[in-house]
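One structure, as structure tokens, below. Some questions next.
Letters A, B, C and D mark the chains as written, and numbering starts fresh at 1 in each.
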């Protein structure tokens, strides 16, 4: 099969750089174009370390979202902020190209939800209905047929993947869900903010973004889809002093008593054959380090019999399965390839 | 007033060492005896750094729990493991001395609860009824009259202090409580275990001890006391790569709607005059670094109006207000002193 | 004795905040004024955590270096950048006040050296001759008689203190000195720079500032003074992922063979009676953690007999003995107090 | 070309696990046997995370160094402690197999040097003469013809690679060399020692192993070889709180003045065509993060004109180019393959 001409729009943040590293070892996606306003004119190697020599010699270009851009590749990854991504998606989709958007612009299907969480009108509502939410383990068949992928946020992947199936099966009460997540600092992006200095983060940790973090929109959309009814959850993200990693712990009331063995069987049934999902056996619980630099997610379930709650645990690399590598997994599907390509 | 002859039993762990540092600046507790099986015969300065020169020259002795030991001081801090502490408490109480036990031996008043969580019979059930649980902000008057203080575990302080008052006021449903805590590594003690190596902890994090961590016994005891009924909670501790620090996030369903301002007023009413409790104003949330090396606890409350839940946040130094410095605060009360002595 | 009315000029950086924490427990320096352009009008407690309640209620003011400022206190600590400090020193010295400058403005006595390392003319050369370099263990008697103290840089303290005496005694060849230092991130200050983000510093380290770091000017000045001849050294600073701490390792060729015991005797003779200098006995070597949050310096010496070199090791808290606490130690002397006041 | 049946002897330490990860993506080395006394009978996946599923199902076996073992593979990596490795090498070489020893047993060609640094007689002196020191950039041709590779220690690679060529060219004085290295904690191995606990390492750093660290034997052997005379150096290793990474800074007196440009040209001439050597251009200096998880080494040189010294800087991943990946690079050569195989 032919290789796919690939472009990355915006590659100065942590997501963009991570994408470049995954693309460096992808056997079918041939990177030909990388854009960056800030680094335009410089070789990639100047700001992105560890790329193969040839790829490092590629030069950042500054590009606007237009038809000329669409000509230059067939697969485009958008690693620019929300709001900025949509115009690129419009131009590139008009040009008939496949777009994987790592921003939030196409994650929620309802423009009203977008406005609620992002404080401005959706910049391209007409495109919303063709976008597919990019968790392959949940939307695999739809991803095979789309040309517009909304790569999920880092928290949502870790939360939705283990939780949706229990809602779908009616095993937990939708109104009882309490989610706590721990995020590494790269999840906040590569921004010049005082709170992100080493001197402020080391030996520190705190909750933030409560009670209505932006990722709630997509989390509740996907959980509602699974439950077949509107689901509203409590979600508390925390920042911890690690670079990459994301851990989620979810508690929800069971609709009927379960044993650990029954929960394990349910997870195995759902995900036992999934290449990137690691269902842990007791007494193991997910650990950040065990999925770092990978597209894997670790999940585990336990019964809290004393309170009749289900406890769900998951771990992803917030730049991997929670971001760049999952975007590639979804792109593989949209391009008709083996979804594992370039990810092992 | 005269100074108090003070002893520390077992000072090779993180708790014991922290105690020594707090005692070094205490104006009334005069340290005269420090025991350690492991370091017996060596000066404190060899293994504990940063002590004043004179205190560093004190020599560790090996001591058994007997009458002769009781003669040597009037106030004893026990910083030995649970099970080991009780025989010391028995001998020292028989000698009429004041005992502050940092282990779990006297935290739960019901020996059956102790057995349930520690897997062996309580080693000194007769002493249980005189022990007072050492959170001064909750049991101040009883602490002034006791000679046996059960210093709380690190998780419980951070959880009980902000939560109990909402149960007492009937503002939350006792069955709806979900607690997630993040602990620094010193909380696990100074033990030779593979999982505690820097190489295993750095850039890592995970949940553990579910669904029935040992501290649940004392947490539920104190919450039940506040609620006036048996309270059972979901509690998920997590290990994160920091040395000292503990953060707790609690979610519970409100019995009637509240505003953030009402919650703030409740916290201010309860703790506004407490010297060591810092009630944060929005948008501030507790941070580990802001209470490190101190006896302070930061707390904050928020309404999650979408789900009608109360969210409580707290931060303590797990070796400070969660351990050694709170033990001194309680000891100050038991010795008839200002509870702030040596803690500012 | 009366307390000293004290002011801190510029307290938003790490140095200024550390100063506030030390002043909070100083029994004789009574803080009455704190300036900050950035935080003017806000209480200290908003940006500086862990201060006693009363001190936290003090409000930052914006102040220019004039006579009116000089009226407001008798002892001024300048925690503003080099270049900015000098005008304050001029105005305050004209007002007859005692000034402790934590910037580089008065560290080198020769304005040409200042210009060489700081790229602009010295802003107040007339004041240079009254300034005393603030290492009490070396310039104690002069510090007792000055009203203008140049608090040393963080690297220089760790380097000069153990090394100068060997030059003074003629035991090492002045041309043979090679110094490597490791600095925690707070040494770089609290600045919005990409390289200081947690995401860039964690799991990273590198040398920088070679071959002519700004601190070389004061290092070589003090070493030359000790040697009685011009000394030029190689100095390589490194950044490591810790918040506070500074370690220096110096190698120099011995003029005649020495044993470890002889070196130990020399250090003991020089510093055995110094309260803040901890001369370690073999096999101990200085560690960053053992002097954190203190005014102590750990030092050790070893012979490298195979190459006939002296090896010197030292550790300071770069915000403590390398900065704020040493400034207070020197100020104690200048104010006629016990130099240990507020530092134990 | 056929794949090579490969075995790893001892895979519970950090080196062994890193080897497994590199072998997992090696296209020609087919892992068939992994031994471990401690984990015998368990699948690799139980203790080594992130391996491909199939490889994770391989079961650890306990194996003694005998003829039967030699039958089971053609290429053996020894990742066991020094002293333990030699008997395996003897048995496997008798069986005609290719051996890559990651321990120190075959790094120094003179058994007297081995005894001097490792305190016991060399366990297999007869094999010493066929062993080749495994830095491909220096001993490439010899590595192509050997069946016994002594993979270098982590410090030596970072030191020898940039330094040897300056000795060979007579540009520095052999007696003037002072080396300071900073090592991540994984360099100390995965051992249950108090000093390696997170609680002891975090926010800490210190020099150790002076004046005669074990790696000096191999460092001086290779430098002497380059200089054509006996070279003795000063070497000070430091432990810093990172997991993986190694930085070395070397100072040496120039035999004649050089400019930065001349030094750069020398490095470019020597290493400009080397795939795994990254010669940095000013003002860049090597950084630990930029070579993490790779077989690359970053190097840079500067003149310290004020003291007429050469300054050399280098960075390697102490588990990568300083250990496991370099072992594979050397093995590729010994097996007649492209040395880059499996390393990009």
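Following the convention adopted for this analysis, a contact is a pair of C-beta atoms (placed from the backbone, for glycine too) under 8 Å apart; a residue touches a chain by one contact, two chains touch by 3 or more.
Not measured: the values here are computed from a predicted model.
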| item | value |
| --- | --- |
| Labels of chains that are neighbours to chain A and to chain B | C, D |
| Selected interface, B-D versus B-C, where C-beta contact pairs are more numerous | B-D |
| Most widely separated chain from chain C, with each centre as the mean of CA atoms | A |
| Centroid spacing, where centroids are CA-atom means, of chain B and chain D in whole angstrom | 47 |
| Distance between the centres, which are taken as Cα means, of chain D and chain C, whole angstrom | 39 |
| Mean-CA-position distance for chain C and chain B (Å) | 37 |
| Set of chain D residues in contact with two or more other chains | 200, 202-203, 241-243, 287, 289, 292 |
| Interface residues, chain D side, partner chain C - complex | 175, 178, 180, 182, 200, 202-208, 210-212, 232-234, 236, 238, 240-245, 247, 249, 251, 285-289, 292, 302-307, 309, 311, 313, 315 |
| Of chain B, residues touching chain D in the complex | 14, 185-186, 190, 192-194, 196-203, 241-243 |
| Residues on chain D engaged by chain A in the complex (per definition of touch) | 25, 49-50, 52-53, 202-203, 275, 287, 289-294, 296, 344 |
